[in-house]
Structure formats: C-alpha cells, structure tokens
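For reference, chains read A, B, C, D, E and F in written order, and residue numbers begin at 1 within each chain.
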Amino acid sequence: MSEQIVDREQIARALAEDIGRGDATTLACVAESAQAQGRIFTRRAGVIAGLPIVTEVFRQVDPRIQVELAVDDGTHVAPETTLVTLSGPARGILTGERVALNFLGRLSGIATLAAQCVTATEGTRAQIVDTRKTTPGLRALEKYAVRMGGGKNHRFGLDDGILIKDNHIVASGGVAQAVANARVHAHHLLRIEVECDTLAQVRQALDAGAEAILLDNMPPAQMREAVALIRAQRPTTVIEASGGIGTDPAKIRAVAETGVDLISIGALTHSVANLDLSLEFIAAG
Amino acid sequence: MSEQIVDREQIARALAEDIGRGDATTLACVAESAQAQGRIFTRRAGVIAGLPIVTEVFRQVDPRIQVELAVDDGTHVAPETTLVTLSGPARGILTGERVALNFLGRLSGIATLAAQCVTATEGTRAQIVDTRKTTPGLRALEKYAVRMGGGKNHRFGLDDGILIKDNHIVASGGVAQAVANARVHAHHLLRIEVECDTLAQVRQALDAGAEAILLDNMPPAQMREAVALIRAQRPTTVIEASGGIGTDPAKIRAVAETGVDLISIGALTHSVANLDLSLEFIAAG
Amino acid sequence: MSEQIVDREQIARALAEDIGRGDATTLACVAESAQAQGRIFTRRAGVIAGLPIVTEVFRQVDPRIQVELAVDDGTHVAPETTLVTLSGPARGILTGERVALNFLGRLSGIATLAAQCVTATEGTRAQIVDTRKTTPGLRALEKYAVRMGGGKNHRFGLDDGILIKDNHIVASGGVAQAVANARVHAHHLLRIEVECDTLAQVRQALDAGAEAILLDNMPPAQMREAVALIRAQRPTTVIEASGGIGTDPAKIRAVAETGVDLISIGALTHSVANLDLSLEFIAAG
Amino acid sequence: MSEQIVDREQIARALAEDIGRGDATTLACVAESAQAQGRIFTRRAGVIAGLPIVTEVFRQVDPRIQVELAVDDGTHVAPETTLVTLSGPARGILTGERVALNFLGRLSGIATLAAQCVTATEGTRAQIVDTRKTTPGLRALEKYAVRMGGGKNHRFGLDDGILIKDNHIVASGGVAQAVANARVHAHHLLRIEVECDTLAQVRQALDAGAEAILLDNMPPAQMREAVALIRAQRPTTVIEASGGIGTDPAKIRAVAETGVDLISIGALTHSVANLDLSLEFIAAG
Amino acid sequence: MSEQIVDREQIARALAEDIGRGDATTLACVAESAQAQGRIFTRRAGVIAGLPIVTEVFRQVDPRIQVELAVDDGTHVAPETTLVTLSGPARGILTGERVALNFLGRLSGIATLAAQCVTATEGTRAQIVDTRKTTPGLRALEKYAVRMGGGKNHRFGLDDGILIKDNHIVASGGVAQAVANARVHAHHLLRIEVECDTLAQVRQALDAGAEAILLDNMPPAQMREAVALIRAQRPTTVIEASGGIGTDPAKIRAVAETGVDLISIGALTHSVANLDLSLEFIAAG
Amino acid sequence: MSEQIVDREQIARALAEDIGRGDATTLACVAESAQAQGRIFTRRAGVIAGLPIVTEVFRQVDPRIQVELAVDDGTHVAPETTLVTLSGPARGILTGERVALNFLGRLSGIATLAAQCVTATEGTRAQIVDTRKTTPGLRALEKYAVRMGGGKNHRFGLDDGILIKDNHIVASGGVAQAVANARVHAHHLLRIEVECDTLAQVRQALDAGAEAILLDNMPPAQMREAVALIRAQRPTTVIEASGGIGTDPAKIRAVAETGVDLISIGALTHSVANLDLSLEFIAAG
C-alpha cells in the first residue's frame, strides 16, 4: 500500500539537490568496484514511515544496490532496531545515504508523534487528524506519515473540501452568507464546514446548514457545551476541535473527552523532530 | 540580497500542492470583487527569514495583491510584531495564506533556533554551521535561514567539498588511503576534511595531509586535547566539532570553549518548530 | 474572471504542436516588416467561450500583436459577428491563427451546446451539469465552456467527490458495504453519491446513508417514482439524472420535469461540433 | 506499428488531470486486495483506434493489470464487440477507466468518421486527408485515427510544408510574389501549394510554379473545370479540394468525381462524436 | 529578426550548468553593491552571430545589467572591435560572462567559417548549405550562424524533407523502390532527394522521379558530367554536392564551378574554432 | 564507469531536435519489418569517447536494436576500426544514426586532442586540464572526454572552486581584499586560487594566502621565474599555467618544462574537429 507514496520526480529532485555534479568524496576515495554491506537502524524507539522511499532512493542512485526492508511502515520499533539492510556497490550506498535518511527520519518523526497523540485519545470517539500546516512540497508524504502513526487525514488541500474560516466570514459578510454562497457555487459532492470561536457562531453555523463545525481555540468546558448544543440540534454534524492543542497528551485527552469527533493538530507536521537514524557499514571491500 | 532565495518553480509547486484544482471555499464564498487588508504577524519572539518568498507567493496567486514587508529577513522581532501587510483582492490573500505561512514559519523557526545557538558561542572563535540534514527540497532555503540567524553554512552538497566520513574510510581501506585517493582524483580547488572519532584518527588524518578535521562525538575534554594536538602540528587546519551536540546552549558553550573553529548542528534543520505566525484580515468589503 | 482558464504551458504546447520548427510558409512568403489588421468572426450563431486563450496565443507568438476582444465569454452572438480584432505584425497573426481558432471553436461549440440544453430546462429545478467524459488534457477548459453556456459543473475529477458506480458496488460487495467503506476512509468533507439503476437500489442507497443519488438510465416514469421515494424518505438528498440523455431538448425536458436536481450529459463534451469561425485579413501592407 | 502513438507524458498528464490527489471513491470503497476482470466493449459499430493508449493507461495506473487487446487498431467492429479484456487489481481498473475510454472513444469516433468518408470515394482517384483543425494537444493521435480509418494525412504542422493561403497572398502582395518568396527562402525539399478560390487564381498559381493547388470552396462544376485546366498545363501538379465539404457522403462523392487527388475535411477532427464505449466488470472479488 | 533564436530554457540550462549552486568566487569576493562597466570584444576578425543570446544571458542573471549591442549579427568585424558594452551590478556581469562568451564564440566561429566558404563560390550559382552534423542541442543556433555568415540552410531535421541515402537504398531494395515508397507514404508537400555515388545511380534516381539529387563524394570532373546529365533530362532538378568537401576555399571553388546548385559542408558545424572573444572591465567600484 | 555520463533527458532532447515529428524518409521508404546489421567505424586514428551514449541513443529510438561496443571509451584506435556493431530493425538504426555520430564524433575529437596534449607533457609533472570554455549544455560530456584522453578536470563550474580573476580583482579592490573576502564568505572546504599576470601579482597572491596560483599569459621564462618564487615561499601551492597556450605540442612542452603542476587549455573544448566516423549497413532485408 505504501508504494503509492513514492514520487520519483520528488526523489530525483532531492538527490539532485544533495549530489549536484557528483559525490566528490565518494568518487575520489572509494573504488568503483568496492562492495559494501550496511544497515539503517534507529537509535530511538518510534514508529517508522517512509521505507518505500528508501528503496527508491537507492534504486535511482544505483539499481544494483540490494535494499531489504526489515520492517513495514507503521511498525513501532525499539531503539537499535535494524530497519533496512543494504548491499552492493559501496559508492552508491554512500551517495544515497543522506537523502534516504532525511526522508525516513522526518516521516518517522511525524509517525512517532502522531502515534503518541493517538494513544492519548484511547477510549474516546475522537480521531487525531492533521492540518495543511505541512512542509511545502512534502504534504502527501507527511499526511501518509500521520496515517502510519494511526492518525487520520483532514482534506488534502484547498480543492477537496469547504472549510469556512474567520477571514472567509469577514470577506463574505457573515456566516449565513458564506454558507449560502458555498451551497450555490460549490459542486454537490462537497460538504460545508464552518470554523466557530463562540457558541453564538456555532448556532449561526447550524442554522445556516453547516454539515461540520470546527470549534477553534475553545477551552474544554466551552467545547463540551458546544458539543452538547450541536448534538441536540443536528446529531449528524461532524465536530472538529482545533487551535493550539499541540502534542501534549494531557491536553489532547482533555479535548478528546469533550466528545468531539476529530482533533486536528498542526504541530504533527510543523514542529517535529526527526527520528534519530544512522547508516553504518557492516562490511566493505 | 535575500531575493536570490526565491525559486519560482518551487513556490509554484507548493501552491499547486495546496490549491490543486482551486480554492473551493474561497471561490464559492467570497465575491470576485471583494477587497481586503490583512497582516501577517508573529505570536512569539524570533528571527524572521523567508519574507521574499511571501512576496512571491502572493505575486503568483494574484499580482494585484500589494505586499509590504514591515521588517527585513534577519530581524529579531518581539511577539505580536507585524511582519507583512497585504491589501488587494480578498480571494487571492485567502488562497495564498497557508503556503506563505508554511514557508515563513519554518524558515523563521530555523533562524530563531540558529540565533539561539550563535548566542551561546559569543566570545569564542567558534562559528555555528549547518549540516546536510535538511528537509528534502528545501536545502537552499534552510541554509539561508541559518545565515539569517547568524550561522554560517557548511558545504551545500556532496559536490562542493570533500568530507571523508567513517563509511568512506571503511570502504577505501583507511584514512591514509582515503586522503591519498581524494588528492589524486578530486580537482585542485577542493580541500579535504576527515571525520575523526579518536585522537589516533586525528593523528592519522594530519599525517595524511587533511586540511580540515571533524571531531565527531567527542566529549569536551577529549575535544580540547584534539584541538591542542592539531594546533601544534599544523595550525592552519580547520577544526570542526559535530555529533549530537543539539541545540542546548550550555552544551554548545562547552564545545565552543574547546577552541574549535566550527560547530555543526543537524538539529538546526531537522528538529525545529515553526515560528507561530498568523494572517488576519483587518478590513474587507 | 475568465482569465483563470489560461494555462500558459498548455498554450505553449499547442503552439509547439502546430508550429514545430517554424511557420515555413509565413517566414518564406511574408516580409518581417509586414503589418496586418484582421478579425476573427463567427459564421454561425452561438455562445462564445475561450477568448482569453486567443489573447494569450497571440501574446506568445508575438507580444506586439494588438488583440481586442469585441465580446465577452458567455455572450450569445449572431452569425457574422466579429469576436476579436487583431493588428500588428502579419507574420505572427498568420502563425497563431489556427491554434487560436482550434481552441475558440471547440470551446464555443461546447458553450453553444450547453446553452441549448439549459434552455430546455427552463422553469424546472433541474440544472445541466457536465461529466468526466472530456477531451484528455482539456477538462478545465471544457468545464469552463459548460459554465459559459449556463451549465454547472459536476466534480472535477476522481479526487474531489465520492461517486459510487456499478463497478464499485460489484468490487466492494454491495451498496451498503460500499457506502460504509466510503464513510470510514474518505475525509469528512466529502459527500457520498450512489449510482442506482433500480428503485431497489435507490432504497438501499438511502438506507446506507447516501447524501446524493444518481438515477442511471431510468425512463422518465420510473425516474419520477424514484424522485418521490427519495424526497419522502430524506428530502435533503441531491438527485441527479444521467445515462444516455444526450442533447435532444425534448428528451432533456422530459427528464427535467421528473423533479431531479441535476441532469448530467456526457455529450456536452464528447460529441460536439466546433463553432464555425474564421480569421480574415482586413488590411495588410 | 501503432505503438509509436503512445506519448507517455501525455497519458500521464491525462491521468493526473482526472485522478488529481487520488481516486477518492475507489480508495475508500474497494479493498486494496480486490481483484477484478472486466472488458471494454463498443455499443455501436465503428472503426477502432487508440488501443495501445489503453494498454499504456493501465500500465501507468498499475502495471499488474493484464490488458489484452481483442482486436487491432483499424478494425471495423460490430456493436457489442469486446475490444479489450482486463484483469488484475480492481482499484487500478476503476481508476484508469475514464481516461482510457476518453482517448479510445474520441479516436475511434474519428476513425469511424474517416472510414465513412473514404467509402464515399471508392473507385475515384481521390484520397481523404485531414487538416490542422485538430484538438489542441491531440494532433498526432487524431491524424493517426484518420489513417486507421483509411484516410491519409496532410502536412503535420506549419513547418513541414508550404501552403500559401488567402491571407498569405494578401500579406505578400499577390500569388506570384508569394510563390517567388517561398522558392527563395524555404529549403529545397519543400514543395509549394497555393490555395485558389477562382480559375484566375489557379492560372496565376500555375504560372508562378506552384507544385500543388488547393481548390477552395468551389462548386463541383467549377472544380471540374479547374482540374481540366491544371491537368492540361502541368499534369504532375497535385490537386486538393477543400472548404466546407463536410462528412456527407453524397457531397464527398460529388467532389471526388471531379478528378481531384485529395479531399481535405476539417470535420474529420473538429466535429466528431465519440464512439460509445463502456467498461464493465465481469467478475470481482 | 535574430531574436527568434533566443530559447530561454536553453540559456537557463546553460547558466545552471555553469553556475550550479552559485558563483562562489564572485559572491565571496565582490560586494553586492559593486557596479562595473565592461565590454565584450573580439581579438580576431570575423563574422558575429549570437548577440541576442548575450542580451538574454545577462537578463537572466540580473535584469538590472544594461547590455548594449555595438554591432548586429551578421556584421564582419575587425580585430579588437567592441561587440557589446555592459554596465550594472558587477556580480552579475562576472557570473554571466562565461556562458555569454561560450555561445557567442561558437556561433561567431561558425558564421566566420561560413562566410569564408561563401566567398569561395562568388560568381557561381552554388549556394553553401549546412548539414545535420551539428552539436547536439544547438542545431537551431548553428543553422542561424550559417545564415549570418551568408550560407543557406538544408532541411532542419529528419521530419521536414525526404533525403534517401545509401543505407535507405540498401534497406528498401533499390533506388526505384525507395523513391516509389516515399511517394506513396510521405505527404504531398515534401520533395524527394536521392544521394548518388555514381552516374548510374543518378540515372536511376532521375528515372524514379527524384526532384533533387545529391552527388556524394564525386571528383569535380565526374560531378560536372552528372550535372550535364541531370540538366539534360530534367532541368528543374535541384543538384547538391556533398561529401568531404571541407572548408578549403580552392576545393569549394572547384565544386562550385561544376554547376551544382548547393554545396553542403558538415565541417561548418562539426569542426570549427570559436572566435576569440573577451570580456574586460573598463571601470568598477 | 562511463555510464554515469549518460543523461537520458539530454539524449531525448537531441533526438527530438533531429527527428521532430518523425523520420520522414525512413518511415516512407523502409518497411517496418526490415532488419539490418551495421557498424560504426572511424575513418581516422583517435581516442574514443562517448560509446555509452551511442547505446542509449539506440535504446531510446528502439530498444530492440542490439548495440555491441567493440572497444571501450579511452581506447586509442587506428583508422577503419569498428567501434560499434548494430543489428535489429532497420528503421531505428537509420533514425538514430546522426545523433549517435554527432555525440560520438565530438567527444572522440576532444579525447583525441587531449591525448595529443598529454603526450606533449610526458616526463614532466604537468597535467593537462580543461577549462569552462565548453559547449553550452555539453560540459559534463566534454570534461569526460578530456579524462578519456588522459587529461584531468579543472573545477566543473562556478560553484565548486574559488578562482579569482582579473575582473574580480578589479571589482573587489585588489588581490589582498579579494582573497580576504573569499576566506570569510566561502565555506571552509574550498581552496582559493588567484590569477596572476605578473610576478608582482604572484607575490601579492602568496602574501594574501592563496593556495593555488594561475600564471596567465606568461612567456615560459617568466613562468619559470614565477614557479621558483612560489616554490620558495610556499611549496604546497598548486601552480597552473593558462592563457592562449593552445594545442601545439611544442608550445605545451615548453610550458610543461617550467615546472608548473597544471596546464589548462581552452582549445581542448572550444576549437576541436569531430573525429570522422560513419555508420554503414553490412546487411539488410
């Protein structure tokens, strides 16, 4: 399943970015005929995401390199776990190393963080979802990493969902007008979600016919009240919590217990530490 | 100066990634004739990097949007500072918002982190430098952000410098052989740097003619010893410290005081939180 | 508004396709200094769509050519109406002519056909919508032409809407299973539409929670019955008619009078004659 | 032979246009492991063109899909004929269906129309040829479809032939001057054709040395006279009829019987209905 | 006129090739604010070709650089002639220098060589034409340079002319068969040329209906005989001489005096020395 | 090793440049089923470079063509040596011939010339190196050809080495300032080379800390003096001779005997005659 994340041009660009006119050190120091065996392992515990990219990176650098994946994406691993074994021309392994680790480290960092957040919601109906606060150029990968960590994805971009935010409301003259406009102009297969900061806005959104409501920056008590209000008026409405929730498990738990359906967390993709990975040669010659 | 960081295709790709077939919400809710004034501001203190990208993002979305930069890249700003003011068609401002903030937030996060590390070295000869542990596709930008934070750049990629690491040494049969190979095969305008884990390796590298030495993962005491050894044998050698130093100021300070020339820190680009930025409409109609 | 349809690369590819290594006839026969005035006119009545592309075609061929649009896209015009006047270097006008007319003729053909279909629904609640049966590479333009003719657009592609068809039902094990799967796996801003051939399927789809129902290939009497059934059970459901309706006004009228919300017609884009246009020189020298 | 029509980038663009960020319905409803068998068949009689594109479409979507072509391009088929059988992952078959049918339907529509026109010329020397009035971006395919229907191709674009039309004559100062210019400036492997509306122009073109003459919009009687005139003066001249001939067999027959060598028909590519094709699942699970 | 030779992407690629990640020397040594005035001049006499490329190179590097062309393409210049003056940011002038000179030097070298060959034919009917033996990627430019030197172009590539060579004759079963095939399968606006090594082949080609004949590697006496034979049988036939003629004026003269129409010379583009050009700073500060 | 020179896009562009819409002659004259055997041979002695490109050219044209390389790149061959044998579809061999020969001829011409220059330095410490005076778009290939001829490469482009030339010195205010700027702003893995026209400049450069010195346009006697001066002051300095040395063996020898380390020769790539190669069919049918 994970293969669909491999974008060959993206990987080619990443390799070009790192290699430029050639890996000067490797071409100069290491004989063309040199063979090596190596492994990529993690120094810390975490959830792995991005292994198919590792395979493709080395395939592009030198298709003679054998890449064996020791685990699957989505696996929770302990420190010092071998993730990938490599064997073949030493030059290519050295040249592809950094790009492979940069992808795998970032995506595994995101998956690991997402998994921590998901754990904090256990036993509630709340699902952890991502946002559009992703690294430019890496959205598909980062959203994949969220899924690998057990999270769910929000809309991909601006074109596959209607989410009416503060500034849209200001620019269109109010919640009622914004929702009415959306109903006329968007095609009939898109639902309408409205961002609400107050209970008054929640009522307006429901009256206007919103099919999903985003509770933005509300303290848990107010959020609980909003959930009750929405469930009472139109039970099929999807309720999303958002706004500075961050990745602190206690804070996530508190939100999850208000009864919302979704908790969207920007920090899943905009404030994440790479999982600490290394490639070491086991043998060479 | 910062203009040279603007890669129009990269920004076009980022916009395409977010917008896809069109900003469904904005096109449906907001009239084509609607005008707005807005501002981008920071919620936290930090060092700003990436403003020319913001200008280009909105230029690509709609060239009629007026973008005024209130500060320059490299500026240290207080919380709630206005960074950019925008005026023009409301649709374009809404559509470009997220991509602009995603770039600016990440780069300012890096610049802010770099500035903290630089501060920790004050009064020493050590300079903070980045690594190749950057986000795939964003290296030029992330290295720029490091400079904006007062750091210096290491080589850009594999082609503009010779840095012989552990695995190269394994694959080429030892430090002496690796350096000799590099001298023969690389062109004459590249210096040779060797990564050393032990004092023994430092001696080998110096004997082999290395012009720069990277002290990897050494405790400060050993590092101090290595510096003394190198300065005694060949004072023109560049000395770099690396390996899990991280961004803790006290740890950086300890390394800086060993007398090294450069401290390279991967975390500057691989484990960074975006600076918290928002775009709010001041007026619309 | 129509400017957003101009895809510069698409037009550049179309010009490259026609011009190849250069317009051999024009370069050989017509002096570089020759100037000309010309006009594009229609030989038949119709609705015009694609004029901004004409402007861009000649801008790419030679920016010195003055292109004046005599009407706006969406205008119903009589035979022999001038649509565009051109003046400037004769070579460029001759070289760009065919590509400009090929775009404008096809899009105006579609807009004209769409307008005829829309007229047939007057006084009913039914809206004419397009399908994904468009010319490869021209979907955005063809959907724009449908709008210019007064039609509305269905989803753009496979990613911005859930429409469960026969083959999906077969492959997922039934209507109930297909809708349930969609609810779990698609993000929360997409509605679910189900294609139904029989009243039994309509009932299944409603029971499964479909938010829109496509009545496929039903005779008007059966369609009327389906509409009644749906409106009775869940009045908010969107009802779409489809399947070989074609562009015959009487047939469209009959469908519209069944009370459906949408009539989707593949022939709008897959079986259309270009509007008959010409470019003639008024003066040259 | 037909393989040379497959332009992988064109197909990739068409798939990207339809699929965007992913086939939401199929990914949500159909299990990754689901297998299916299906067939593409025609509901009407016609001449098939474009099958190698079908193969490539599914290869790009999922190379595990087995695509078997039941007929060759250029075959005349009866209604309900199976053209292609497919087996493999159900998801990929569903996702590639529409793009495959859009290509195959349009090209087969053109081939079918061309074959009807060719039939109308039987027993005469006249050959049916296409024009440059093709769909932007699809010229190579549409000209291929004309060949599959038994027609012949005119020049591909503006660079591989000299065809002096009305506006060229106006801009270069007359037939004699236009032909003389062409002889001097074009390279020596291109012939010169001149478009003529009157017998007087035909005489001028012959005197100027035209090697081919296009009789534009002439009634059959006048055309017959022109043919006689040309054959008398220079028998090697190629004679082409053009101008609003359309696809009515009787009209084509009348033109063919005037003795011309070529009949060029814009409607072959600018006013054509797709052949009515479907993809149905035979088995799935 | 010459502007049409400017291919922006080609120039962008050439700059990327030379500049890579940035002009390390200039960025390090020269202040961003430094201004300079410089000139490009030739050290030797020659014919200039490629000046519009120089303008575009510097426009891409920094649009603030003023580029003034002191002569036009096609001008014969004496040694030490100033061709271009430049003023503006010193960095950009330094960075663009080499790419500008590499283009201008090569194209002027070709124009200079072509002019020498043309001079050798004065007073005869023979025209100097180029071949397809051009540098990969530079054909349009090199053919332009030949025109600037007073030569004429042969067909551009394999698609805009029929030239039947030795290997084609072998593969198609003889001259007569090859010409007959060409007549049937090529479109009606292409002439047919046949390469002949012997008088016997010349006769075969004429009998088969060739409209142009290439006399390959014939000594002048035999060539004269061939010309007489062709002119006697079909005077409208175009006669081309080719095959190792080279750029020696005496040898060219001898061929020209045989009465051929065209002399094609591969060495014009495959064995040429760049014109010796330099860029020097007149002022800087 | 040589495989790394194959840039598939570059070859695809070269083929597109030559073939355009198709090889009209071959498609018309030669049957699709025709098979042929051929060979590429050299008419003159030389050093071969570029054979892997030949393989890729024919692979792209038709992967069924069998390409066997009879020698390796870098081989010195006698006249009439077979370099490549080809067998397979005749059409593809004919269509790919010119592009293959254009690449192979130019690169072998460069390798041959480089080998002659290298021979002239035998017994001295001097190495022959290339410059940045390469054909736009072909730098990587041309530098590879220099290596195949036994030469060594200078820096690849402006980004992988610091070479301070006349104009840089003018623009930065003197040698000392230029070198100091370079030391501060360039990263620590780049050496600094300074171009010197006089002994006075040589002394300045040494004092400023240059690690390499380019002696430009010096007569051998002065060059010898400069070498002595440099070796005396800092023996590790790399000494390069440059400036109008050309490819005359005697002149090269004189320079080599001055004791320099490197002799850089622009003519290696800017003034070279293609090696004279042909492709002939041995059998066809």
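Heads up, the rule we're going with is that a residue touches a chain if its C-beta (ideal position, glycine included) is under 8 Å from a C-beta of that chain, and two chains touch if they have at least 3 such contacts.
The shown structure was predicted, so the numbers you read here are calculated from the model rather than taken from an experiment.
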Both-way neighbours, i.e. chains that touch subunit F and touch subunit D: A, B, C, E
Superposition rotation for subunit A onto subunit C, Cα-based, multiple of 5°: 180
For subunit A paired with subunit E, centre-to-centre distance based on mean C-alpha positions, whole Å: 54
Centroid spacing, where centroids are CA-atom means, of subunit C and subunit E in whole angstrom: 47
Of all residues in subunit B, the ones touching two or more other chains: 20-21, 24, 140, 156-157, 159-163, 190
Chain contact graph, described as a line, ring, star, complete graph or other shape: complete
Subunit F residues touching subunit D - in the complex, by the definition given at the top: 20-22, 24, 32
Residues on subunit D engaged by subunit E in the complex (per definition of touch): 152-156, 159-163, 187-191, 193, 212, 238, 240, 261-262
Residues of subunit E defined as touching subunit F within the complex: 10, 13-14, 17-31, 34, 36, 38, 90, 93-95, 97-99, 101-103, 105-106, 109, 132-140, 156-168, 170-172, 177-178, 181-182, 184-186, 190, 267, 270-274, 279-281, 284
Sites on subunit A touched by subunit D in the complex: 1, 4, 140, 156-157, 159-160
Residue ranges of subunit A in contact with subunit E within the complex: 20-21
